[in-house]
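Letters A, B and C name the chains as they come in the text, with residue numbers starting at 1 for each one.
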Amino acid sequence: TPLGPARSLPQGFLLKCLEQVRKIQADGAELQERLCAAHKLCHPEELVLLGHSLGIPQAPLSSCSSQSLQLTSCLDQLHSGLFLYEGLLQALAGISPELAPTLDTLQLDITDFATNIWLQMEDLGVAPAVQPTQGTMPTFTSAFQRRAGGVLVASKLQSFLELAYRVLRYLAEP
Amino acid sequence: QCGHILLSAPIVHLGDQVMASCIINQNCSHLVTEWQIVWKLEPELHPRERQQHLPNGTLQSTITLPHLNHSRVLLSCCLHWGNSLQILDQAELQAGYPPIAPHNLSCIMNLTINSLVCQWEPGPDTHLSTSFTLKSFKSQDQCQTQKDSIPDCVPEDGQSHCSIPRKHLQLYQDMSIWVQARNALGTSISPKLCLAPMDVVKLEPPTLWALEPSPGVAPPQPGCLRLRWETWKPSLYIEQKCELRHQPRLGEAGWDLVSTLPARIPEYELCGLLPSTAYTLQMRCTRWPLPGHWSEWSPSLELITTQR
Amino acid sequence: QCGHILLSAPIVHLGDQVMASCIINQNCSHLVTEWQIVWKLEPELHPRERQQHLPNGTLQSTITLPHLNHSRVLLSCCLHWGNSLQILDQAELQAGYPPIAPHNLSCIMNLTINSLVCQWEPGPDTHLSTSFTLKSFKSQDQCQTQKDSIPDCVPEDGQSHCSIPRKHLQLYQDMSIWVQARNALGTSISPKLCLAPMDVVKLEPPTLWALEPSPGVAPPQPGCLRLRWETWKPSLYIEQKCELRHQPRLGEAGWDLVSTLPARIPEYELCGLLPSTAYTLQMRCTRWPLPGHWSEWSPSLELITTQR
């Protein structure tokens, strides 16, 4: 059953989420800047075909759109999306020594954010019975694929976060 | 082995009684000129002594120090040999106190080194080698129960602070933190803190700038100053509030405070000041409305208000 | 995999010819609008290209860069897709030189850090990642044959010096030392040194003092100075000789040198100087008669000669 009115989400939780989204966006932007500077991979649009062949999934946030907001499944989609991006970023491990610290920070921040959402869902008694398990991840067979994968994952993550930010902002409005 | 010292306890509480005995076995007796144990104590003490020849031919001397009030005593068990005193064994006695509970534990999340830095007061010297360990665990119920463990943080020798790196932290979840002090005489732990690292974040100070007069923009009113500021770049993602303090550069006037200023505005006009007077301004910011520590005050900005 | 670049060699000599081909397999063809490979080169180059449809439906394009004179070229194999150019694979071409033999290898035994510090000239930039390793072995026949091995000494990135710690050294035995430079195009080694670490010891400078006039001792003659010195304390066990240089503080006169002075004497009177003139004095010492390097000159001592 969809959650009651948005007021049931504590303001502190929403403010923290907004802060975390901004941090992850900053981390993601740094990863994109470094990939562009170091490997001239600056435009995800140039890698769409490769993305198809690598099979990099997109995390849905359909329940979070302002027209049809269903809070419980929106929170669930937020958590599952973050969990997916955790897995995708892990699959990119070994991308390059220079990018590893940026990737680690991004993963830590995403894991923190996913945990916060899960705990909030538990507090509200709407958490799924079982934590999600990671589906099959794309395999990146070359350094180029890991870098191109990094660009694609970072770009999909940014659009995911943009949507998340909008819904969290809406929920945080007094 | 010719001679051997046995201690009732190598480490005792200051003021406690200690007994030490030295046993010289037979295969030493034929060598010596005077078959009598001599103790050398450093610092010099004069304990009660009882010396006896045991049936199996060994010689034993036992000394008692009723109240050991030195933190270190070096005991040497000796025998006369020719005109020299031969040291056959040595032992060190240590005395001190068990550690009292470390106190004033406080932590700050430092975004520059990306670590939670905790510090504490170690308490009085115990005279013994005492190790301090910063312990913590992640919790999801206001620190009632442990969810995940966190590796102990061992400070560098003699330091009363320790830094827990980002990879062991969940920045937005509560964690229980305390300090354990341990030496040979006991262990004690500090009161426990329960905090989420981001809630104790301390930002670097903002930067203050004068606003250069620009064509087409009226100069500031007499007794006003126009300035702008930028919060610390790595904290852009954190919502903050700031406060500004100002005082005339000369004279005895204290600081005046302008609080609850927004972190990000293009420019700011400060009025109500004395005209054509040099002012010193400083600013600091804090995470807000979410909790956090105030940053240090920024370096000073010196500005002069316009004439009347 | 949709597209794949193959290089004749990922790293070549500058000026060599390189060939690269990109193969787009069939499972990509249904997606694209224009079934034609487009190369993007960074920096921009215009190689000869041959593109062909292979029997198995794959598309292959081969480019030839006759003389590669850029140390880095980023190759991207692309296809038109809608109105965008899709990158399917990327490869980096590197060109440079094999390393020439490092030269001017010299070593100094540093008693402060208790290590043998060797430095060398790396030679011109090879444009490729080149690793330098300080190699050595202990020998007992003037470095003809290796007796014991010594672990390789790997300098920090970009550094042209390395320190072999005391525990790997036999200070009074010969050891053979050389530098190896290696990159993808080759390996080269420097001429070998054969030395015993103590024979290249470099001491810290001695310390110079003025001798205070003392009652019952006649003041120095006009044009003379009385002083004393102490060699660097940790080198007391080393027999040394020293030399003193002096020059009037003002004026253009160069240094005068007093050589072969003993390392340890209670005091020394330097004469033959201009009366009532301020002099600057410095001293250095070296292991002697056994071989060693001169220390740096000591800090200056300023003294004034007595009047006539």
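In the analysis below, a residue touches a chain if its C-beta (ideal position, glycine included) is under 8 Å from a C-beta of that chain, and two chains touch if they have at least 3 such contacts.
Just so it is clear, the model here is predicted, and its values are computed rather than measured.
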item	value
Arrangement of touching chains [line / ring / star / complete / other]	line
Most centrally placed chain, judged by C-alpha centres	B
Chain B-chain C separation of Cα centroids, rounded to whole Å	41
Chain A and chain C, separation of their C-alpha mean positions in angstrom	47
Residue numbers of chain C (touch at least two other chains)	none
Residues of chain A engaged with two or more neighbouring chains	none
Footprint of chain B on chain A - complex, ascending	12, 15-16, 18-20, 22-23, 25-26, 104-105, 108-109, 111-113, 115-116, 119
Chain A-touching residues of chain C, taken from the complex the two chains share	1-2, 27-28, 31-32, 42, 74, 76, 78-79, 81, 84-91
Complex contact set, residues of chain B against chain A	114, 140, 166-167, 170-173, 198, 236-239, 289-290
Chain C contact footprint on chain A (complex, rising order)	39-41, 45-50, 52-53, 141-142, 144-145, 147-148
